Amino acid sequence: DDSGKFGLGREATPAEVAAWDIDIRPDGQGLPVGSGNVLDGEELYTNACAVCHGDFGEGVGRWPVLAGGHDTLTHERPEKTIGSYWPYLSTVYDYVRRAMPYGDARSLSDDDVYAITAYLLYLNDIVLDEDFVLSNENFLEIRLPNERNFTPDDRDQEPFYAAKTEPCMTDCKDGPVQITMRARILDVTPGTVDDDAAAGVGGVD
Amino acid sequence: GAALATGALPAAARAEGDPLITEIQDWNRYLGEGVQARPYGTPSQFESHVVRRDVEWLTASTESSVNFTPLHELDGIITPNGLCFERHHGGIAEINPADHRLMINGLVDRQMVFTMEDLMRFPRENRVYFLECAANSGMEWRGAQLNGCQYTHGMIHCVVYTGVPLKLILEEAGLKTNAKWLMPEGADASAMTRSVPMEKALDDCLVAFKMNGEALRPEQGYPLRLVVPGWEGNMWVKWLRRIEVGDEPWHHREETSKYTDLLETGKARRFTWVMDPKSVITSPSPQAPVRHGKGPMVISGVAWSGNGRITRVDVSIDGGRNWQTARIDGPSLPKAMHRFYLDIDWDGSDLLLQSRAMDENGYFQPTKNELRAARGENSIYHNNSIQTWYVQADGTVENVEVG
Amino acid sequence: GAALATGALPAAARAEGDPLITEIQDWNRYLGEGVQARPYGTPSQFESHVVRRDVEWLTASTESSVNFTPLHELDGIITPNGLCFERHHGGIAEINPADHRLMINGLVDRQMVFTMEDLMRFPRENRVYFLECAANSGMEWRGAQLNGCQYTHGMIHCVVYTGVPLKLILEEAGLKTNAKWLMPEGADASAMTRSVPMEKALDDCLVAFKMNGEALRPEQGYPLRLVVPGWEGNMWVKWLRRIEVGDEPWHHREETSKYTDLLETGKARRFTWVMDPKSVITSPSPQAPVRHGKGPMVISGVAWSGNGRITRVDVSIDGGRNWQTARIDGPSLPKAMHRFYLDIDWDGSDLLLQSRAMDENGYFQPTKNELRAARGENSIYHNNSIQTWYVQADGTVENVEVG
Amino acid sequence: DDSGKFGLGREATPAEVAAWDIDIRPDGQGLPVGSGNVLDGEELYTNACAVCHGDFGEGVGRWPVLAGGHDTLTHERPEKTIGSYWPYLSTVYDYVRRAMPYGDARSLSDDDVYAITAYLLYLNDIVLDEDFVLSNENFLEIRLPNERNFTPDDRDQEPFYAAKTEPCMTDCKDGPVQITMRARILDVTPGTVDDDAAAGVGGVD
C-alpha cells in the first residue's frame, strides 16, 4: 500500500488535511474542541448576520429566514427554517463555518461558530435558556424537531412510475381540452413586469 | 433567430424583384474583416439577444442566484459553453489552474494532494451528459407562471466532458473497506458540499477539466468539476478541491435545508438524486412565437432522463388528447439531451402543444396534476411534469395549464 | 493548459504544507462575480493563450488567408465555435439574416427564392462532421516545417450542424432529369463557387444554420452554409446565397487554379473531393511539451476520414517500427473526428511518436515517403501522411521526419 | 408541377435570376453578350490590377502571379498561372467578374471583363496580337495550353489505398529509426521567426 497504481499525486501533510477538513457530520465527526454561549452568539449575530437575516432570524427582504415557521410545513407557503425544517444541528455549524457571513466566509473562529449556533437554537426556541453554552461536549444532545420527518427517495412507488404501462396515445381525454390557467394572468416573466412587484411568488431555493 | 423578413415583396417591386437580390450588397463587394480579427470568436452581432437571462426577483443577490439557458434559440443536443446556465452560491471563483489542488482525505490508504498536472496524467474519458438543476421548473409547481422555456426549463445544459473517471483517482488513494460515501467540496466562497454514495462514484462519475473540447468555463467550475451523470446539478461540485471519503452521509445544508422534497404530508424526501424523464418544446414557445402563417411548421424540443437513454418522445397538439411519436434526431446517448421534431402542416387554428418523454427504464413524464396528486405543491424540486404551450392563430404562444 | 505548478513543495514548507492549502485563498472567502455578469460567457483569463493563430508569411492579406485551430489545447471531438479555424477569400461577410436569401436556379422546375424563415420550416437534421481544408498540412509536403500541430494540422474543426437536407430544398424546386451538378455560391466578396455532383448533394449534404447548437458564427458563414460531409472544406460554401443546378461542372477558379493536385508528371488531378483518413497526436506535440518527468503519460490525438468511421488508430513511440492500437474514446460517428488515447509509462527516453488512422473503407494513412513516391512534392492538397513528433528527454517536442 | 411538397419559398423573378446568375462555364454557358480588346484591357488592368498582380502579371510581393510559369509544372517550384496551369478561359472571365478587383468586386462591366481577359491572354502569350478583340462570339475558340493535363481522381489506385492490407504492427523497420529532417533547422513557426524572413518557403493556396 505504498503508492497507487499510477504513482501520481503526493501524500497530504497533516497540516493540509487539517486546513481543509472542516466538515461536520450529524454524529459529531469533525466537531472542533470549543464552546460558545447564547449571549456571545447574539452579539456576533447582531454584528455579522442580522443585516441580512434579521434581528430575530426573520430574514430581511429576500435574504433567507433562519428562525420561526414552526408547523408550517403542510401550509400553502411553508417556512423552512433551522427550527421548522432542518434535521440536524451539525448542518448549522458546518454551513456557518464554511460559508457565512456571506461575503466574508471563513472569518469566524470555532468558538464564534459555537456561540452563533447556540444563538440560532435560541432564536428557534430550541434552547430557551439565555445562559446556554454549546460545546463539542453537549452538541450531540441537541436534536432538531423535524429530524424524523425525512424519508428515503421512493419516487418509484408513485403511480405513474410504478405502472410502467404504455401511455395513452388516442382519445385520452373526453372532448376538447380546456385551459385552466394562463401564465399571462400572473405574468412575472422578466421584461414584462417590475421585478419587485413579482417578488415572492415563487422561488428556486 | 433574429428578426426574419417574410420575403414577400411589395407589389410594385415584384416584377423587378427583391432589391436585396437585384442590387449588389456591400458584403458581396467589399472585403470583410480578415483572419485574426477574432482570435477567439463570438456570435454575430445579429444574435446579441441569444444570452443567458435571470429573473431578478428570485434571489436577494446575484452571487447566490441563477440564470437560464436560452433553450428556445438553440437546436441539436449540445449547449454552447457561453450559454450554459449559471447557478452560484458565492459568485464565480476565478482560480489559476497552477494554484488549484485536489485533496482526497478520509477513509483512504493515503490522504493525497493532486495538482492539475497530476490529474492530466490519468487516463481520460469523453462523455456527453445533460446537467439539470433539481429546481428546474420549480417556479411552476403551483401553476403556469413564466412565459418562456428559458425560464421554465432553462436550468439545464448538455455538453461533452473530458475528465478522469473518479474511480481511478479514488483507487490511487486506496479505499478502505468501510468507505461508503464521498463528500466533494468546492473551492469557492460557498465551499459547496454534497454527499455522494460510493456506488455512483465508482460507476460513472468523472473529475472533468474540459467541456465541449476546451477548458471548463469559470462559471462551470474551472479548472475542475465533478460530473455526476443523470443526477441533480447541485451535486456536480464546481471548483472541486477536495473529496472526503466516509462511512456515512454528511447531511449538509444542500441536502437538508435544500434539495429535499417536501411532500403534502409535511414529510420530506431526501437524497432524491436522479433527474427523472423530462422534455419541453423549445419552438414554438412563448419566446419563439410562430412568425409564419399556416403551412409547414417545425415543432422541436429536447428530452432527457437521468435513467439513461430517451426511447421515445410523444407530442400532442391538442393538449394531451391525442399523441404522435416525434422523430428523435442526432446522437441518442445515455443521460444526454435528445433532440426531437414533429413536422406538421399547421391549419392555422389554436394548438395546445405538449411533449412527453419516455426513458429506457420505462418511465414517462406525468401530467402536472398527476405529479401534484402524488407530492402536493411544495416540493420545489424535481418538477418533470408535462408542459403545455398555447399557440394562438396569430402565432403568439403562452404558458398554460389544461384540465 | 495554462502553466501548471508541479505541486512539489520546498523542503521547509513540507512539514506544514502547501500554503495554497494551509492558507485561506481569496476565492474561498470573498464572493466572485454573480450571474449575469457574463450573459454570454467566455473562457477564463488563464486560458487566453488558447486562440486561433495565423502564419503571417503565408498570405498577402488577412482577408484572403487562414488561421488555425489550437488542436493541442483541445480534447474530445467537438471544436468550440470560437476556435474553429478560419479561411476566407474576401474577409468575413456580416449579413443580417433578415437580408439573406437563398436562390435555386438552373435545371429546376421552378427557380426559387427562400428566406431564412422559409428554410426554418423544412424538416431538420443534426449531424456531427469534421471540416478539413484540403490544404491542411500542405506546408509539410517538402518536409517538416512548422513546429506545432496547430500549424501542421489545424485547418480542421468538428462541430454538430443543424440544417435542412439539401435534397429537400432541391425537391422543392423540382429537379429536371438532366440535373447532374450543382454550383453553390457564397454571398461574400469572393462570391465563392464550387461544382458538386448531384449524387453527393442528394446523399448527405445539409444547408446548415446552426453549429454546436447556436447560430453559425460569421467566420463560418452565418447565416447559412453548405455542409458537404467528408469532402474538402472549400466546398462547404459559406454565406450560401445561391445553388445553380446544371448538367456539367463549372471548372471555376477554386477547382482549377486551386484544389487540383499537381503530380510529379505535370499532370494534375481534379475533383479530388474526399478527405482521406488522417490523424495527428495533439499531446504531446511541439506546442504541448511534456512538463512532467517519466511515469504516466497520456498520448492523445484526433483521427478522421471522409470515407466514414475511423475503425482503428495505431500509435508508435519508436518512429513506426512497432505499433500499438490506441483506445478510441467518445462518440464514433461517420465523417466526424475521433479522439484516441494511448496511456503509457514513460521511461524518460527519447520518443518518436506517430499515429496511423484506418477507416471503414479499409484505407489507412500512408507514410510521408509513400505519399511522395505516389504524387511528388507539388500537390499542396490532401497531405494525409503520418506525422512524427520527436519527444526528447527534457520534454521538448519537435516536428521531424524519419527514414 | 405547380409547387413543391412543402409550398415553401417563392418563384424567383427573371430580374433576380439575371442579377445573381453570373457564372460562366467552359462551354460558354453564362457568357454575356459583349467584347473588349487587349489595349483597353491593358489600361483597365494597369489601373485596377497591376498594383497587386504586377504590370506583367508577375505578382507584387505575395500577391498572386497571373502570367508566365510556362513549363514549370514539373519543377521544384512550379508557377501555376493562367497560361501555365489553368485549363479553361471561362474561369478567368468568371472569376474576375465575381471577385476582382479584390476589395471592389462586381465593379467591372461585362465589356471591361472581356478586355481584361483579352489582356491576360496577351500577358500569357496566348494571343500575340495587340489588336485582338475577345467577345462572346470568339470566346470558345481560345483553348488554354494545359487543358489536357487534368485527370480524374484516381487516388484509389495508389499502392497504399489499393492494397487494403492490414498494416504492419511489429518490427516494421530494420533497426532503430533515424531522424532525417527536423523542423527546427528551418523554423518558420510563428513566434520563432520573423514573418518576412519566412515568406515563400511554402504555402496554402
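In order of appearance the chains are A, B, C and D, and numbering begins at 1 in each one.
The definition used in the following text is that a residue touches a chain if its C-beta (ideal position, glycine included) is under 8 Å from a C-beta of that chain, and two chains touch if they have at least 3 such contacts.
These numbers come from a predicted model, not from an experiment.
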| item | value |
| --- | --- |
| Cα-centroid distance, subunit A relative to subunit B, in whole angstrom | 24 |
| Cα-centroid distance, subunit A relative to subunit C, in whole angstrom | 48 |
| Subunit A and subunit D, separation of their C-alpha mean positions in angstrom | 69 |
| Residue numbers of subunit A (touch at least two other chains) | 6, 8-10, 12, 16, 20, 102-103, 105-106 |
| Shared interface positions of subunit B, touching two or more other chains | 7, 18, 21, 28-31, 53-54, 61, 63-64, 66, 90, 103, 113-115, 118, 121-122, 189, 191, 295-296 |
| Graph class of chain-chain contacts, one of line, ring, star, complete, other | other |
| Full enumeration of touching chain pairs | A-B, A-C, B-C, B-D, C-D |
| Subunit C partner contacts - residues on subunit B that touch it in the complex | 1-7, 18, 20-21, 25, 27-47, 50-54, 61-67, 73-84, 86-88, 90-99, 101, 103, 113-118, 120-128, 160, 162, 187-189, 191, 209-210, 212-215, 217-219, 222-223, 239, 291-292, 295-298, 300, 329-331, 333, 339, 341, 343 |
| Parts of subunit B lying in touch with subunit A, wherever the complex brings them together | 53-61, 63-64, 66, 89-90, 103-105, 109-115, 118-119, 121-122, 133, 135, 138-148, 151, 155, 168, 171-174, 183, 185, 189-191, 193, 241-242, 244, 246, 248, 250-253, 256-258, 260, 262, 264-274, 276, 286, 314, 318-323, 352, 356, 358, 362-364, 366, 370-371, 374-375, 377-378, 380, 382, 390, 398-403 |
| Interfacial residue positions of subunit A with respect to subunit C in the complex | 6-10, 12-13, 15-16, 19-20, 102-107 |
| For the subunit B and subunit D complex, residues of the former touching the latter | 7-8, 14-18, 21-24, 28-31, 295-296 |
| Residue ranges of subunit D in contact with subunit C within the complex | 1, 3-6, 8-12, 16-17, 20-27, 29, 52, 61-64, 73-74, 76, 78, 80, 82, 85-88, 90-91, 94-95, 98-99, 102-103, 105-106, 149-155, 158-161, 164, 167-173, 176-184, 186-190, 192, 195-205 |
